[in-house]
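Okay, so chain A shows up in both of these, paired with chain B first and chain C after.
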Partner chain A sequence: MSRRVYMDHAATTYVNKDVLEAMLPFYTELFGNPSSVHQFGREVKKHIDKAREQVAKAIGALPEEIYFTAGGSEADNWAIKGIAYANRNKGNHIITTQIEHPGLLESCRFLEKEGFEITYLPVDQFGMISVGDVENAITEKTVLISVMYANNEIGTVQPIQEVAKLAKDKKIVFHTDAVQAVGSIDINVKEQGIDLLSLSAHKFYGPKGVGALYVRKGVKLTNLIHGGHQERSRRAGTENVAGIIGLGKAIELAASRLEENSKRIKGLSDKLITGVMEKVPYTRLNGHPDNRLPGNTSFCFEFIEGESLLLNLDIKGIAGSSGSACSSGSLDPSHVLLAIGLPHEIAHGSLRLSLGDINTEEDVDYVLEVLPPIVDRLRQMSPLFEKVKGGK
Partner chain B sequence: MYSEKVMDHFSNPRNVGEIENADGVGEVGNAHCGDIMKIYLKVEDDKIVDVKFKTFGCGAAIATSSIATEMIKGKTIEEAEKLTNKAVVESLDGLPAAKMHCSVLAEEAVKAAIEDYRNKNNK
Partner chain C sequence: MKKRVVIGMSGGVDSSVAAYLLQKQGYEVIGVFMKIWQDERDDYVENEGGCCSLSASEDARRVCDKLGMPFYVLNFKEVFKKKVIDYFVEEYFYGRTPNPCIACNKYIKFDALLEKAKALEAEYVATGHYARISYDEKFKRYTLKKSDAMAKDQTYVLYNLSQEQLKHTLMPLGEYSSKDQIREIARELGLVVANKPDSQEICFVTDNDYGRFLTEKQGESIKPGFFVDTKGNRLGTHKGIVHYTVGQRKGLGIAFGKPMFVVEIIPESNIVVLGDETEVFHKELIASEVNLILYEKLDSPIKVTAKIRHTAKAEAAEVIPLSDGRIRVVFENPQRAITPGQAVVFYDGDYVVGGGTIDRM
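Showing the complex of A and B:
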């Protein structure tokens, strides 16, 4: 035993050593407030500017289009509420999808109470939206279309460029929550026609609690955090300096290794998916077979419940996650699994194993050795399995 | 988040299985909300001589099923009928608040199995 396999990179990643090293001086000798006039402040300000350039370069934006935030949720809140408020006189309609992250969905629900109308587009069995549906949902009141780049639970990557083009043709602002995509998928906001984009450092080996919102020059956005003049008077609060430095370094590193890393991790995920599907009967792969995040694997094992599966895997040192009701603390399984059409009892048996930099072939072999007998044991205990036994 | 006792019963559940020609069978819960518990009783002279369970559910559901079977084994029907959700949770050294609803099923499953036994035996 005592082997530990972390396959929950979609939840969060560790901080890369080089990233940490870049951050550390900003807790001690480089501690000045970047807004200060003196040298202590000014030298720190220079480093923040550099981090802004690093982020901009990684996604094909201009430095002045990057605003640092306290993470992905804040970036999503700001994008949705900021565009809605800035366009109040134009219209009150927003189009998004049923499978967005809660940071975005709950922002929409908040706006609904304020009199905005939201269309939550359905997805197909693979978690894909239809560009035709987006087009049909547009009204003269539509002020924003927000479609996540890649889904955090099932990994499906959306046709972002096509939706962005459609939005542009109709003169509607387009936002994408790219929190899961940045660092794994090559993104260029200019080439892809993206107006706003959310990202978060802790998904690509940077620190937690820091992220950014890219806002294309010329897009009107109402402020969310009021106060001092930080972030060009768009987002108040003394900067999370070390965090911002870490974000800059992490995104630069991720971009420089993107192709090679994603290819390696995709190879491991493919091996895991093939192995699980071969070894465990009554199993479904969630998400799109091809258009998916390189590190995402998501399964539903029929007749068993996700939390008990997670606990058993944890006993064997394997860290994953599940969209079952009992692991989320609600009575319903994940809204994403329901949106792809899974019945409740199947959605309860979900397992997400998200791979990253530290995973190896041996990790995958270990999971393939440990997982099938656990599923089998839980099935032997399941009253739902009785009905199909012998029918393998 | 779970006590050691819960993890013990979860990783080594007691009395898992089925009883053929059981004297009482109770199944409660549904797959929709994520927990189903099925309890089988073997009864002799109004005493529960054997009990088995099958559960589809989370760690709390499996652990409560397991300990509930231990708590009623060897008891008379009248004694077993007095099993409460509270007693089950206490003997597991507690459950997280969000998991209390999963533990209700054990009490309900035992009651359902006893009712089935009574119906079958006109008692």
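Showing the complex of A and C:
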């Protein structure tokens, strides 16, 4: 087997060893149902409380403002639909952006069918929204503004604090999908004025299938999952106990190492970006040059399809992605790349390499050795490239 | 180093076994599910046998896992829409009866997929078709021959392949003499798809209701018109020409007191011509867009057997080249329902000589 390099941390991460260890007892000896009256249940409940505190502390919230969910998509669905339904008598307008995660966009599309009006704000060539655009979009009927913290495909980090302030001034609820940001960027919901925030454990070395929605005290939210009295009757279903414990441990670890880790990973990303831009002509970096996630690199290689590039990299053991993991089953041109103004044919040629804890200098060197010849070979097959070369 | 093959996996038993056979022959095999089409209705119901549903791609993936092969889903939706679906719809509005499988083979499986295969440094694309490809020293050409499994022979939908395409294509099932053998291999391997029924309908019209499909795509262009007899007398009103095909008897919506058949569709005047059964038979046809496999070109008439649809028997005929590149085909005996838009394919024994698209009787 040849070398394997994982550069798809934005899709998911492995589970940190300490996190896994913290989780294991909850599959065996600590198996009680936290809702049960007896000791078996109570001892587990205590650990869930602790996990809730860990999550709250990491983002500057109160424990009672954290609700565990089955991941980021559920948190997004709940935030959008929950605010929309809770404020139906106040208004039916929601402001969001064109580059949100499908979990959010599809929730909005669903609400459109229910009679809500959604404004999807455009972004500039770097994937940035304009706070002025947000302000201009606000109407008397606006009940929610939702802007993703950092984009999963191109890594651009939005001016969250300014949007939150604007929303607060206008007395509109503000939600941010921070699934990609938590663990990579220091977030404090109180200081930044965030009302709701979605996060997901498997993006920061926690387990899959567990996440959380932070809901500021005093924000009215309609339930999404109906049933039993778990999560203070806000989110039914027997708790994914081990997952919740893992989430708590993972977010605590991530917060404690955030500065040091981000710096190291940023260094690797910068090296990769510089190397690729130097070695491969007709290449552009997607996303904002400075305001971006430390581990995100996203490129468009003109004249070739991302799909072919991705598969060739996979054959060489390099795991990247074209568009986001969620849409790569279909490999349609990414809505994010189209939103930053890339023409259809270039949006097809994108590659995202997202770096994380396990990556090393050697990994970056390997990619810089393997990638350029593949791009070159695919370009030799491309009639478009022939034309450009011939035209010179 | 092993030669690399990219195989198109439909999730059915044929392509699954074909993948296995290639692996056994020593190729490095990469499985690809071609995402070509998506039902846009929300209330989609999974059906068995359809070839582009989620369950089909899941089946293909599971087979590849079982065989230890890499598996990728690749997107061909755009080119499929342009070259197959749009063509399919247009042809009906021209009063013709298209064959989307032939278009798909020509433009998608052996063109777009072959391109992808080359991008992956593969020497070949492979499919689970029942047909045989080989290089023939006598003809100095790549040839296409009927499968030993006569009941499953699929050469009719493959006549359009070029020499370059044939050179880079493998069809390992062609050597087998029945589908049962293929199912048996699948069962021995424990493949989940061993007992899956054969797909019947056109993959993007899963309910087989072409009228419904065409109405959804372009309903505004469907206009009622007149049924007439072969002398031009009006017999009644039809629902729009796209609802009819030459040779059709059922579903005309009018009782005539005797069996009546569609003998011709005239799009210019929006007319469907009906006649009795004898009027559905013709001895001659003109075909265009001719592709030849066995020869480079045709200078003089040749004797062949010819098929005018996938399910028809090959019948004795003479192929006469015309000066404009088209061909005239004269059958020894009259053929039932020669249908514009369908292909006519010629054979010399087991060899596919070539074929073309039927323009008119």
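Just so it is clear, the second predicted complex is superposed on the first by the 379 of 392 C-alpha atoms of A that agree within 3 Å, B and C clash if a C-alpha of one lies under 4 Å from a C-alpha of the other, contacts with A are read in each partner's own complex, and residues count from 1 in each chain.
Keep this in mind: a residue touches a chain if its C-beta (ideal position, glycine included) is under 8 Å from a C-beta of that chain, and two chains touch if they have at least 3 such contacts.
Only a predicted model underlies this, so the values are computations on that prediction, with no experimental measurement involved.
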Which superposed partner A:311 touches (first chain B, second chain C, both, neither): both
Partner chain(s) touched by A:319 [first = chain B, second = chain C, both, neither]: neither
Between chain B and chain C, more extensive residue contact with chain A: B
Overlapping contact positions on chain A, where the chain C interface meets the chain B interface: 305, 307-308, 311-312, 315, 329, 331, 381
List of chain A residues in touch with chain C within their complex: 305, 307-308, 311-312, 314-315, 329-332, 378, 381
Chain A-facing residues of chain B, complex: 2, 7, 10-11, 13, 16, 18, 27, 31-38, 54-62, 98-99, 101-102
Chain A-touching residues of chain C, taken from the complex the two chains share: 35, 38, 70, 72-75, 77, 115-116, 118-121
Chain A - residues contacting chain B, complex: 303-308, 311-312, 315, 324-327, 329, 331, 333, 344-345, 348, 380-384, 386
